[in-house]
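Dumping the structure here so I can ask a few things about it.
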């Protein structure tokens, strides 16, 4: 990454985020990456006058991450998305879709939690 | 008696054909205004015939009932018009149809239908006073509410009722469901709230409503024609121009909201009517 | 014969009331009420068949009638005074004492009781009123029998208050009959006061705090009417030297001298008929059990107000008072209709509609042309039937679904098909042609067309009226898709009044030409319409009643047939943007949760909100009233 | 008191796309609006696992048919940066040309849909009529009306011949002329103003706090645009963001309308400065490392997070589209407006659900 | 830029439309020449194909199946997104796209082609170079 | 009676009302469908109106991939259309899922959920191709049974 990525822990995250908010940073988004079978990286991207700033939170999959949506309401959507796709739980979500933002019962597993997936459901033509 | 019978036949048979044709021409002209080619002029007839051939799909038996009453009332009002009957009576009979249509829309539980019905009621609320006042204007000039008296006039009514005519045109725009007043249902591509109070009418029943609408269009254009009933040319010019203006307005205005309509039409429309009436009264 | 009839019609109810009050056995009471209802109806019909008359009954028990009246009045007024003290209401006390003083002085020292003139005079107007009061009123009483049982059961009173309730219910009918038949305005006054007291008792029936408050309000407002009545009487006697209503009417306004009493009489009528700004007492009367409301609204009480205005209408024809009354009535019509739009309480809608329709009748009286008077009288008839019907329906519905809110009547057809249809018919007869109310409205509008202000008010008011009726009608039918229509059970005493009333509302509309030419036309100064083949015709306009009935009737039959046939068609759930679920009333909302759709009627709180409008309308109404009286003085 | 609860969408003619809003109304005033997404969710980010990073271009293009070329551009720029590829100057200018043509097309599309949202049918038709010329340019230059598909890693695959650029310029002149004729309507017509002015206000602070981007942000008076970073050839072109300050639907409309002119001007400038030379370079190696790539879409800032691990399949591809960022602001605008204005407000952020859900 | 609020601003536009020819192309009746390099229907000059499977590998929607042994080339036109990647990557340039789109069908179809196994594969390759 | 029946049949071909459902399309196909309504292609020439309510529609135009959430909507819409009706699937996505058919939330083409009458390939199909597809679909109306009473 061109910009520096600051590592945070679940405990320091809250302060950092509040600080960002105080400094007038705009919340861009969060990205979640699966690292191995039980940890993921959650990256927080912020922007101020076109300058990016990133935080990295590395947490185990089965642990709930603190939600930043009470601070940055805009984060509720992406946090719900991560819940859907990675099965990570967020604590204190402003609006909790409870893993139904995108997914129906048919897709019960966390689809992004596999390095390779060949989920070809009856595709034809090949 | 024979003349009466002929007039009734005209009312029953010719009016919807005319109404359908007007709808067709309307669509064609609208297309031209939008730089499109447009459907054939008899497209409305195809539409209605097709609807008659569709599967019957009902949500609530009352809708069927209401559709039939609507078309009966619409037809009757046109017949009464051709029989040169009482204007107020015609309006009230027409209202029977309009109200039943709304009742039908209310009878379905779909919220779209309900919203449409509520809006349609607001539209009725808006245009009825205007029409009544236009009739009062006619009364003040001719001394009667009967159409037969209007036809005896030697001077076009338009000369003494110009503002009332404009107010009547508001009512016409509302009845024709044209912008800016097309929010209870609309003919256009993206119907206001998936066709408002017609949401749950489908197939043959929608066809009935459509035909009923044609009757109503003929009726209300007929009312307009009264304002220049002294000569055929006058009628054709007046009605033609009015309708053209309607299409033009439809194409040059956004759809407004009913709150705006209620405020606007009631203040401007009623004020205009009132000014015109006072002027007549004072004469 | 005439004596007997008059006795039955006027005193009969009083006797029945006394019996009800004394005999505290439910079945016997029911029997008394039923019998009285039949008797009244029969007597009114007989009287009707006899036709117009003028008559002085022999003195009762050998005591001159005017003594009876004086005693009666005093008893009444002192009772009211008692209640004034009991509820510590200053205004009532003042008004009542004022009345006692005036009345006693007037009767004892002013009026010359030796002059004889017919004490009872009936023309067609009175006869029509008697019919309405006796028939519609009786039906309501009949309906009340099972209703009150259930009502008390629900309220859980320790001791049944039905004896008193029924007593006053029937007393009001007797008083109304007396009122419309009397020719002596002192008589009129007494009966007028009886209705006041009766309504007070009925409204306070529940004895809840709110009921008492509203009852007291009704009491003082009606006392105001009574006070105005007395002053009018005194004035009239001073200027004319008589209390003979006929003479007063014939004398006319005599270049304005007589206008004051006439204006005061109108004022009394307006207050009694709960015209703005007095509407609050009638609205408050809603707290009483539904038969009370039905009775007060349709055939008695408020109708006394319009009756007086119509009765004395020839007296003030062509005066400023008349003009003023026309505008005032039309204004009330508009105001009440506007406020009704913001209501979801079914009874309140009905109440506002009553006020509006009475306003229309006042407007007719004010316009004071034969057409207008025709309209007014017809409106009284048709309104009585439809309104009584609607009240009874609401009462019945309320007992079943536990609410009188129209939002809760959604899909009533599925739950109570019979009542729903009857209510629907009632609503339709209130607003659509070819039914009587609309016919009268048509006449009123045509008659009003020369009065610009009145016209504008009526035009706007009538479309507002259509609005609140239509949506109610629609809502009754909005049964959810696929719901089974459950057959409804109804007791015979409930069903009978409903059926008779709905039949009356419909059939009378069909008979409107007959009603007009046989009843109304004779009392007019000049015929207003020529009626041929069911076509009302005059130079101003024509109402093709029978042709319209014919065509719409045919359409109705076709529609019924088609609707029946459509049962075989495929049914489908309502359109829910493609998100519908198996349950047709739900759509799949966010988070995969089923969400029940619901719809609400628009009440336009911000435009027609009751609170806001009431203030303004009361101010306007007060101004009009001041103008009305002030202009007359 | 019963309230009206309306399912607005997923199938609703005002939105071409399935978006669901549960609306709770009182006298047609929105009291509560809860969105439901997922009707267009395909999960295409995950396709990176089974498609190589070249093939992903085609897939990124198909995130959305309205902004397809810019998606591919963003993706390619990201990969190029990751792999340290220097793209030829001509390719950079060509990328700008296609991107701006796309913007014209997208804005015209939106102007039409917006007009349709308030029931101005003829205006809708007019906008789309004009748009057809732009679509023709797409088809003539890229071989498809929608998925122009010109970006590849290391440059672009098609070149613009001089007679083609001349033709483009002349077509754009016509487009500009016709758009000018709509200015009086879209910016000054009484009915349009009545339906848009003061509706769905988003203040400057709210916009920043809720993370609005693109015209939604600029309509609230924040002059922020990723093109200011000067990626591709924007650094060489004269560009200043269009801003309107009221933050209502009208302001957003104004920003987009004026951006249409601006985009046309940018194409002109880019064509006039178009340098000669190669249009692509050969790519060797596999992407490794992580990067955030950002470009300005018609709807605002688009962000790709790409993580490669030296294999031909990417480790993670995350796409944050502008509409995704604009949905929280939208939710804050909805309560308190009239039902009739719901489509107007929703469209005023120019929602693109397929972008949002991918 | 004239500020101020005016009604009927659309009128000149609609009137211009009204008095000029409509913009409509009467499509099935009148067809327009397509632009030169439109990416339309995909074809394979099967004679030239060497069944190298490059196209199948490069195709982003994986709709081509090549069987080298049987010498068959098969494409599902309902899956193909007409992106042209296969055309660009085919070493024999035997794939090409027409300027026209494939016609609508009422049944599912596949393009199936059978060619001959090229024996002198290397030789031809050399000739090319 | 027979003439009326023939007229009705003819009318069906002349007046197909269209319902467009975007079933997870990337907007490419979607916008092309809308483009068909606009002046340059103007499918109102064929009497087509975009109705937006299944109860009024004869022709269902589906674009895009079917996923687990929108398949229900698709089924619902088809159910609410009165017979006779025609379903036209548009674009690779609508036909088979196109490039996305291997994505985890994609079920495949429209025909996995409801019977499809006409397939229009392309990504996206040009408006001309959509018109062709619709016209092909119309021919099918002649074969479809419906309530002609």
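Letters A, B, C, D, E and F mark the chains as written, and numbering starts fresh at 1 in each.
One rule holds for everything that comes next: a contact is a pair of C-beta atoms (placed from the backbone, for glycine too) under 8 Å apart; a residue touches a chain by one contact, two chains touch by 3 or more.
Everything quoted here is computed from the prediction, not taken from an experiment.
J.: Greatest Cα-centroid separation from subunit B: which chain?
T.: Taking each chain's C-alpha mean as its centre, the farthest from subunit B is A.
J.: Quick one: which pair of chains has the most contacts?
T.: B-C
J.: If I average the C-alpha coordinates per chain and also across every protein chain shown, which chain's average lies closest to the global one?
T.: Measuring from the global C-alpha mean, the nearest chain centre belongs to B.
J.: Using only Cα atoms to place each chain's centre, name the chain farthest from subunit C.
T.: Here the answer is chain E, farthest from subunit C.
J.: Could you tell me the distance, in whole angstrom, between the mean C-alpha positions of subunit E and subunit F?
T.: 22
J.: Rounded to the nearest whole Å, what is the centre-to-centre distance of subunit A and subunit E, using the mean of the C-alpha atoms as each centre?
T.: That gives a centre separation of 39 Å.
J.: What whole-number Å value describes the gap between the mean CA coordinates of subunit C and subunit F?
T.: Once rounded, the distance between the two centres reads 59 Å.
J.: Please work out the Cα centroid separation of subunit B and subunit D, and write it as a whole number of Å.
T.: That pair's centroid distance is 43 Å.
J.: Residues touching two or more other chains, restricted to subunit D: which are they?
T.: 4-7, 10-14, 28, 34, 38, 41, 43, 46, 50, 58-59, 62, 120, 122-126, 129, 132, 144, 147, 189, 191
J.: Enumerate the residues of subunit B that touch no fewer than two other chains.
T.: 31, 33-38, 55-57, 111-112, 114-115, 118, 189-191, 194, 199-200, 251-253
J.: By the touch rule stated above, which residues of subunit C touch at least two different other chains?
T.: Touching at least two other chains: 570, 572-573, 575-579, 590-591, 597-599, 602.
J.: Residues of subunit D touching subunit C in their complex?
T.: Against subunit C, subunit D makes touches at 1-12, 20, 22, 25-28, 34-36.
J.: State the interface residues of subunit F toward subunit A in the complex, per the touch definition above.
T.: 68-69, 96-97, 101-102, 104-108
J.: Contact residues on subunit E for subunit F in the complex?
T.: Touching subunit F: residues 22-28, 31, 60-62, 76-83, 101-108 of subunit E.
J.: What does subunit D use to touch subunit F in their complex?
T.: Residues 10-14, 16-18, 38-44, 46-47, 50, 58-59, 62-66, 68, 109, 112, 124-126, 128-129, 131-132, 135, 144-147, 352, 354.
J.: Spell out the residues on subunit A that touch subunit C in their complex, using ranges where they run on.
T.: Subunit A reaches subunit C through residues 97-98, 100, 104-105.
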